[in-house]
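Next, two complexes with chain A in common: one pairs it with chain B, the other with chain C.
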Partner chain A sequence: MRRWIEANTWTLGLAVLLAVLLLATKLIQPGFGASGLDSLARAALPFALATVGMAIVVIAGGIDLSIAAMMAVASVTGAVLMDGASDGQSLLIVVGVLLLGLLMGAVNGALIVLSRVPDIVVTLAMLFVWQGVALLILNAPGGGAAPWLRAMVAGGLLGMDWLPRGIVFLAVVTAAIWLPIRRSRLGLRLYAIGSDPLAAFRSGVPVGQTRIIAYALCGLFAALGGLSVTMGTGIGEPIPGPYLLASVAAVVLGGVVLGGGRGGLLGPILAVFILRTVRMDLTLLSVDPNVAAIVEGTIMVAVVMFGAVVATRGRKP
Partner chain B sequence: MKRLLLGTALALGLAGMASAEGYKIGISNTVQGNGWREEMVCAMKAEALASGKVESLNIAHRNTDAAGQLEDIRNLIQAGVNAIVVNPANADGVNAAIKEATDAGIVVVAVDQAVTEPSAYILSNNQEEYAYIGAKWLFEQMGGKGAVVYMRGAAGAGADNDRDKGFKRAMAEFPEITIAQEVFTGWQQDQGKQQINDIIAAGVPFQGIWTSGIDNVIVDAMVESGAPMVPIVGADNAGFVGQLSSVEGLQGAAVTNPGSVGGAGVALAIQILDGKAPAEKTVLVNPELWDNVSEEGKAKLAAAANPNLSPEWPVSVSIPGWTTYTMDQIIACKGPGE
Partner chain C sequence: MPDAPSDAVLDATGVAKRFGAVQALKNASLQVGAGQVVALMGANGAGKSTFVKILTGVLKPDAGHVRIRGRDSTVSNPAGARKWGLVPVYQEPSLIPDLSVADNLRLGDTAMAPFRHWVSELGLPDLDPDALIRSLPLASLRIVDLARALAIEPDVLLLDELTAALPTDLVERVLRVVRAQADAGRSVIYISHRFTEIAAICDRATVLRDGLTVGDVKIEPGIEERIVEMMLGGSVAAAVTEGRTARPLAAAPPRLSVKGLKTGTRLTDVSFDLHRGEVLGVVALEGQGQDELFDTLAGNRKASAGTVEVDGSPRTFSHPADAIAAGLTLVPGDRAHALLMSRSVRENIAIPLLARFRNWGAIRMGEEAAKVAHAIETLQIDTRAQGEVRRLSGGNQQKVTIARWIAKGVQTLLLFDPTRGIDIRTKRQIYSLVRDLADQGAAVLFYTSELAEVRLACDRAVVIFNGRVVDVIDAKDADEATLMRAAYGLTGKVPA
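Moving on, here comes the complex of A and B:
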């Protein structure tokens, strides 16, 4: 038990911080309840899915700057095809969009592995490529989303009204994809190539192949994120949203080391909810919007610095 | 004596009710750091202050997409505002949150761009007409033939799409007009200037320039390059309006696209909260065209020019019949309690 707590101090700390923030929200706005939690969950969903995708690549020692653009491609593809489609058809479309995400991510990964150009350069270039693709598919916001898909993230769970469906959706999807991988050899390999690619190579890990898989998984979660934007808005948006920097920030705040090899997914997800709650509180307090951005950034830096201090203190004895 | 006491109590009670009437209004906007949108937000603050009926403003003003605006509107619902004035990121994408707001009894007014949610009131600049009257004037100046540089706004933005419809409608009326180059400025000054410099350097022949509001830097580029001046259409931004009367040889027209529509939106929201809802749910503000060729246009340009405004701000800082603030109030950009 003690070992488990020690290994997960950072995540536990984030959970406590989130609880404190939610309590503060309740103090600021006594009416804050199920509907507030629901809107928080819906706001966090695309950010959380993007963050999970980013976290996987970062754990594997990379970074994907094209994540928001891939989300846009997935969002417009889904919205264009689903416009006027039947329920059965839209289920197929969702599967197709997820495969498209895997493919886009795999293209990113393959380009990095084959060209040996640094990941930051390749994915920066691909950011523009995917942005163009999204605009080619749909040059202005439009399309539609199947009602059953939109209902998946709206409101509370049947029988448990306080539990937003958005959170259930996020938990189910992430666990279904990540847990089997994490427990398998592939999970170990992802951490290994992030921690030390040379050592991993010498231990017989197929580094290139694992890297491509990491990017493909990132693409898959980007597609989920893009679909969640469409689920929320009911349309496809060709212009990428603010998900790139937000996901990197949440990954760092969530305790994933930017060099790779260390961290989990729960921390980054908690970090997303913390950042969304801060944004909500700033709106509730009607803080000057220009100041609000500064406050958000300052909180991020302060928490990460505080964490670094705690980590070095903890290592001494 | 008894009657006096009763009267006093009644008067005090009424006074108490009057002061408790202060409304709480929420604002949601998704483009930050753009002169037009900043003027819109300042107009909202100034109108809220000038009305004397608004107790506080909750402003969600940042760069984000429709999904982010859904979050902002829902946060404003949580904050318990009486009305929300929103410049929608697009026409359909924020309907879900607007419906939640109106279901909760909150008055929602969309300004600048329309939304398709029927429970919202809309007070919008007519963007299609904006492009149409400017393009028509430009094509007439070009003598009905020649090539035009078409400098659009941001790809995928709702207002840009509406303007494209108007531009194409004017094109259809002038079959001998062709498009020399079509670019998206993203409504960014630096990007637009780079693009026009590239077009001049490439030697593409053109006889006119239509801009979607990134205008004064285009005139600068033409003057700096020494290229022969062609007719230019822009918006009523202070910088461009100044150039229309000062730059030699420049023939141009400014089409009004008042950012003060935000102030009008706040005024409309207050009217509805006061129980005076308009008969129509949609109010369109039609643009005007001020050219520096006709006497009438020149007079309007001279009247509108204001050196105190930032060059990126539209000069039409108020909308007659809607806004009640003074010029000083909007420049001060202070809302209630600031």
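Moving on, here comes the complex of A and C:
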């Protein structure tokens, strides 16, 4: 138990911080309740899914700059195909879009592994490629989304207003994909190649293959993120949203080390909600949006620095 | 050369490998039979590392073949090597720092029970399987790495400089276990520079020089000299005066005077004087405070008590720049910390010079080049691969770390285990280099994990045990047994 708390101090700290922020929101805006929570969840959903994808790649020692562009491709592909499709067809379309995400991510990963060009360069190039692809599919926001999809992220679950479906969707999808991986050898391998690729190679880990899988998983979550945009708005959005930098920020704040090998997914997800709540609170306080951006950046640096100080203090006897 | 045993478990013949212009291996051979421990020896650049990479499938040979139990090896990576019954334990532990011991085992499909057995057999019965690898000391990591290899029950065990970072008591256990493996019918390839270990456990030694297998000899008393000859290629090794007597100390205040130094929990009370022209050895078992001592003197850590005087005036170092300004220069034990691995030999040597040469403008290329060339020549650095330091062999990298201070000129040199994992020829070059520096008036503090070096390189040695100086021994009296007893705190003699 002590070991578990020690290993998860950062995540627990983030959970406390989020609780404090939500309480502060209630103080600022006494009317904040189920509907506020619902809109917070819906706004955070694409960010959270992008962050999960990014966190997996960063844990495996990489980075994917093309994540927002892949989300745009998934969003417009889903929206264009679903426009006027039946429920059964749209289910197939969703599956197809998820496979497309896996494929896009695998292409990123394979290019990095085969060309040996640094990941940051390859995914920067692919950012432009996926951006172009998204605009070719749909050159202005449009298309549609199946009503049952839209219903998945709107409102509370089974009449429980305080439990937004957006959060349930996020939790179910992430747990269904990540938990089996985390507990399998693949999970160990992802952490291993991020921690020390040479030692991983010598321990018999297929490093290249594992790296491609990491990027494919990132692509899968990018596709989920893109679909969640369409689910939230009902249309496809070909211009990539601000998800790239926001996901990197949440990954760092969430306790995933940018060099790879350390951290989990819960921390980054909590960090997404923290960053969204801060933004919401600043809006409620009618702070100038430009000032709000400065405050957000400052909070990030301050929290990460605070964490580093606590970590060094804790190590001393 | 004795005939290769026909029942060789591993048989590598005529192996050649070229990297661009460098022919790393010309014709290397190695035969290991069942129940044998074979030492693989060779100076730096002899091609040992390349040969090991070919045996373990990391590299493909240009010519020659590797047969395991009579079949051509198709090993193409470490995982494949394991299927063939060949398990290497590399010089650097191949464990994942951010995973626990147990997860590292799971990663490689290694069973826990035999691993636990071997870990306690090797002297770490209390190892916590849930401990993160990065929280364990280097010596424990090597034990974990070896225990993991043993748990796989390989036919051929390849051990590369296994004992380099181990304290003496663990070395003994490791050697016993390795020998027992061979006695149980397995084969071991043992790479080491330490003759005492090779004499203790090896049956034969295969010697590489310049990419060729130049000898395959049975280990018997007195074979050391022959092996050294083979490694050096007939050219008689420069004799190093052994057991030099301590020179009369200058009347001037000592260059460096340390009194009652305390840092952290390990270094509790260390005092000594270091004079100009003197090479003062530091002898200690693993973790007796020597790391803290060197870190403090180099300004990397602050002392919690005690004084450091340079030329008679007290100094406190709160930053490495302070120590450098006082003329104290550290050559760290880990070469990777000292060098810019992806820059050239020249740049690496010139970096400490820049501060001096900076003249409100461009670097004076001519002057820099001359000094650097001089340092390279003095040290006989192999510059075939001078474009990037990381492509040099370990011994040549170590020479670069020392060369930079020769080019700059040095007052007090702090050498932390400068010859770890380096072949005997380079070691001797480093000894004579250190002596030259001292003769030019430098004061040298020389920590070594190899006791035999004290006689070869130092004037005196202070022995640190449990964070305190327990003995000061003149080089002429510094035989290994005396040093060993002192290092274990068994001599009651306390220096005045």
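Just so it is clear, the second predicted complex is superposed on the first by the 316 of 317 C-alpha atoms of A that agree within 3 Å, B and C clash if a C-alpha of one lies under 4 Å from a C-alpha of the other, contacts with A are read in each partner's own complex, and residues count from 1 in each chain.
Please note the rule applied: a contact is a pair of C-beta atoms (placed from the backbone, for glycine too) under 8 Å apart; a residue touches a chain by one contact, two chains touch by 3 or more.
These numbers come from a predicted model, not from an experiment.
Partners chain B and chain C fit side by side in the overlay (superposition on chain A).
Touch criterion not met for A:224: it reaches neither chain B nor chain C.
Looking at the shared chain after the overlay, A:189 reaches chain C, while chain B stays out of its contact range.
After the superposition on chain A, the angle chain B-chain A-chain C between C-alpha centres rounds to 130°, nearest 10. Shared-chain residue A:279: touches chain B; no touch with chain C.
Between chain B and chain C, more residues of chain A are touched by B. In the superposition on chain A, contact of A:39 is made with chain B only, not with chain C. Between chain B and chain C in the chain A overlay, the least Cα distance found is 35 Å. Partner chain C is touched in their complex by these residues of chain A: 3, 185, 188-189, 191-192, 194-196, 198-206, 261-262, 317. Per the touch definition, chain B reaches chain A in the complex via residues 32, 56-68, 70-72, 74-80, 89-96, 154-158, 160-161.
By the touch criterion given at the top, residues 77-79, 82, 88, 90, 92-99, 103-104, 106-109, 130, 265 of chain C touch chain A in their complex.
Across the complex, chain A meets chain B through its residues 29, 31-32, 35-36, 39, 42-43, 46, 135, 138-142, 150, 154, 229, 232-235, 237-242, 276, 279-280, 283-284, 286, 288-290, 292-293.
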